[in-house]
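You will see two complexes here that share chain A, one where it goes with chain B and one where it goes with chain C.
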Partner chain A sequence: MTALVELERAGFTYPGARSPALSDVSLDIAAGDVLVVTGEAGAGASTLLLVATGFAPRVVGGKLSGQRRIAARRCGVVFARPWTQLTGLCSTVRDEIAFGPASFGLPRQAVLDAAERAMRELRIAHLAEREPSQLSGGELQRVVVAAALALDPEVLALDDPAAELDPEAADALYDVLPAIAAAGKAVVVATPDLERAARVATRAVTLEHGRIAARGAPADVLDGTEPALVARAAGCPRPYPLDVPALVRRVRR
Partner chain B sequence: MIGCEVRVTAVRFAYGEREALRGIDLAVGAGERVALVGPNGAGKTTLTRLLVALRRPTAGRVTVGDWDVATKRPDEMARRVGYAFQHADQQLFARTVADDVAFGPRCLGRGRAGVASVLDELGLGGVADLHPYDVPAPARKLVALAGVLAMEPAVLILDEPTAGLDRVQRSRVVAALRRRADAGVTVLAVSHDLGFVAEAADRIVAMREGRVATDRPARELLYDREALAALGLRPPTTAQIGMALGLPGSPIRAHEVVDALRGTRWKEMPE
Partner chain C sequence: MIGYVPGASPLHRAHPYTTLALAGALLLGAFALTQPLEVWLLVAAAVAFSASGGVLRSSARTAFLLSLPIWALLFVLHGLLGADPRTTVGPLSLSVPGIARALVLGGRVTAIVLAFLTALATTSPHRLVEAMTARGVPFGRTFLLASTLTVLPRMRERAARILEAQQCRGLRLGGSAIARLRALGPLALPLVLGALAEVDEQVLALDARGAASAARRTALDPPPDSSAQRSLRAFLLVLVVAAYGWKFWRMRG
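What follows is the complex of A and B.
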């Protein structure tokens, strides 16, 4: 599979920062991937999303080191704070989601189709006529994900996308990610929510202090889920079960 | 710290023509740890804003101890009720983390008393001298919470206090809330994070479409799969493990599940 993004010993330092937020990261991201990036808060997961999608340093400033090649024709990023992504120009959710494709100069019907499709995928058709500024945090989160999807990006990067969502909406959001990847896109998710991440990830990376500390199959990397931690504390041998059914299967009755 | 009762009686609230709260009755006593849960748009945040006079009800009454909130301004309410917003950046403005946390106590005439210990309690000691916007977003959330805790309010209201936090940070928040509640502080936390709710709360009030849909002990509701499903919720991982293995005592906290599983004979590899 051709890589959509290639990083080779990449590093990044924010403007004015004394030390790099990301160091020596080598990573390929390809179509079909649901790559989960995790780590303790401040480990560099959000920064990796910005670097991999070209937003850093182009939008945020700062200094990139190492090699980066972005072959994807378009990357979409959904930030952890959804209200920062509203245009502030649209009085309905439908218009907000259509804003991106419309700004590319697509024909009117194509713009509307893209918006409708994205709303369907995120299950927010019922919000179409609502005013974006009046949505709850969780509703807004889904709107900005839909707006990013409507741009038809080849790489969709999501920064802690379920942070504002209720559990049902969070499950629904994670559930659509494999389908997005299967449609030929790469999905990159930075999240501390290891249990949901473990359900959808095809690959996972753990960062520590801006460096890759672990990479590989979700079962090997995402072993900090609550079932894994509980099982470990209760004396279960490795490999630790990542989810509840796996833990239950390990108990010898 | 001495807490006081928060009482909401027949409260209604509307954003323009859209009614967000449709008759809420709720009382939270001193020292109680209550989680407010429910789907997005249920009215949770709106309700908490009425408790600190950031919004005024269109009908009904809100009292905090012997204060009628209708007669108070938000700055007066802040002396009794600490409110940590869902989005921390809405309440950070000083040049350093320590100054930001000290702002509240200074306004109350207490100087910087307690600031260092609150920073340490939330693991922020190492960033005290940094600008709040130079620390990662999850840490900023803790800075905002530290600022609220440093004021030693009688009532703590937290809106999604663990969103974006990692496991260590989350456990620090849980411990801080337990300490305050043990000292008599009234704690009300809005959260979608039922893992956090299981660790931090003893009682759960669930809202739906602007009404209180359910109000039950946490240990009871978190084991009621059907009631949770009706609210669009699933049991937290701890309760799922407890249910699946029939663990005694309905454990909802991680240490309780670990205790219940000690002595288990594990299969070496999954089947």
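What follows is the complex of A and C.
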């Protein structure tokens, strides 16, 4: 499958920083991927998202090194704190989601259709007339994801999207990611939430000090989940089960 | 009360340009009109403006609180330290022309604050954005103006959240004026730093949603305008020009 984003020995240094936040990263991101990027705080996962989606250095400044090719027509990005991603100028969820398509000057009906489609995809059509500032954190984060999807991005990057959510809202958010990827988009998630990431990932990358330390199938890379740790302690061979149902199946076997 | 208050008053229903033109005329009028009678007419116009928006009570209270320090300063500068002749009120020796001057200056300040608060309370940021979008105003300028209308309520909400959090950690707000002033530190620092940190994310989020797009934005629900409102705005412009003409003619005389 054609890569939507290709990084070859890419590195990135923030403005004013002495050392690079990302070094020597080579990575392809293709349609249908749910790529999970993990690592310790400061390992460079968020930076990788910004570089892969083209926002660094275009918006944040800084210096890019190595090769980067972004074939995706459009990239969307979602951050951890949903309230920072609202325009603050829209009085309904529908208007908030329609903001993006309207920015690109699409005809009015196309804008409204895009908003409706995104709301259906995120299962938030019932919130259409609500005021964004009155929503819960979980509802708001789904509105933000819908707002990104309304632009029909080929790459959707999510930076620790469940950090501010309760467990139910976090589950609901992660549950929609495979469907988004199945619709022909690439989903890239930077998160320390390995349990949920393991449920949805098709590939995983671990970063250490801005460099790729491990990559491959989630079962090979995400071995820090609690079920994996239990399996490892119990002497199970690799690949470790990454979630509780998989652990239960393994134990039963 | 500072910020938009939903309602159905004539000002709420008016085209946002009309509401802002009325507030702007009052503001510019306050700089042009300097005679006592003119100023009290201006204050009366500001009160009528606020009453027609259905927000007179709350706006007048806030305007009073905001302009109180200025009134106090004017009273000291002109009333107590002003020129002769003087009159005695209880233990105070007051300057008669100074008191008259303080009343005029205070009236102008109060008219400006009341007009500004009324415009904030009756202009929906969303309708303003739609109105400006329909006129083809670039989003950067639209955002700048609309953000001005929303920044105060947003800062107030954020301050309330920080205050609650700091109180949970033992911050005491009561006591002497000095103790209250000291309590400002734990509030102001996170308020400013938090706002700055969130700005980065908001810039990225808005950019991702096409805010910087060169395309002409699509207006989804532009507020209706009318020839009567357009005529009123033109009349206000003539009125302001006439007021400044009158001021300069008087200055020459």
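The criterion applied here is as follows: the second predicted complex is superposed on the first by the 240 of 253 C-alpha atoms of A that agree within 3 Å, B and C clash if a C-alpha of one lies under 4 Å from a C-alpha of the other, contacts with A are read in each partner's own complex, and residues count from 1 in each chain.
The rule we apply is simple: a residue touches a chain if its C-beta (ideal position, glycine included) is under 8 Å from a C-beta of that chain, and two chains touch if they have at least 3 such contacts.
Quantities reported herein were computed from a predicted structural model and do not represent experimental measurements.
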item	value
Contacts of A:59 with chain B and chain C, given as first, second, both or neither	second
Contacts of A:235 with chain B and chain C, given as first, second, both or neither	first
Contacts of A:247 with chain B and chain C, given as first, second, both or neither	first
Which of chain B and chain C A:105 touches, first, second, both or neither	second
Touched partner set for A:170, first chain B, second chain C, both or neither	first
Chain A: partner with more touched residues, chain B or chain C	B
Which superposed partner A:160 touches (first chain B, second chain C, both, neither)	first
A:95 touches, of chain B and chain C: first, second, both or neither?	second
First (chain B), second (chain C), both or neither touched by A:81	both
On chain A, positions contacted by chain B and by chain C	81
Contact footprint of chain A on chain C as seen in their complex	124-126, 129, 133, 139, 143, 146-147, 150, 154, 198, 200-211, 213, 215-221
Complex contacts: residues of chain B adjacent to chain A	15, 18, 38-41, 45, 86-87, 89, 134-139, 160, 163-169, 192, 194-195, 232-234, 237-238, 240-241, 244-245, 254, 257-258, 261-262, 264-271
Footprint of chain B on chain A - complex, ascending	17, 40-42, 46, 80-81, 83, 134-139, 160, 163-171, 192, 195, 224-227, 229-231, 233-237, 239, 241, 244-252
Contact footprint of chain C on chain A as seen in their complex	50, 53, 55, 59-60, 75-77, 79, 81, 84-85, 87-91, 95, 98-108, 111-112, 144, 147-148, 151
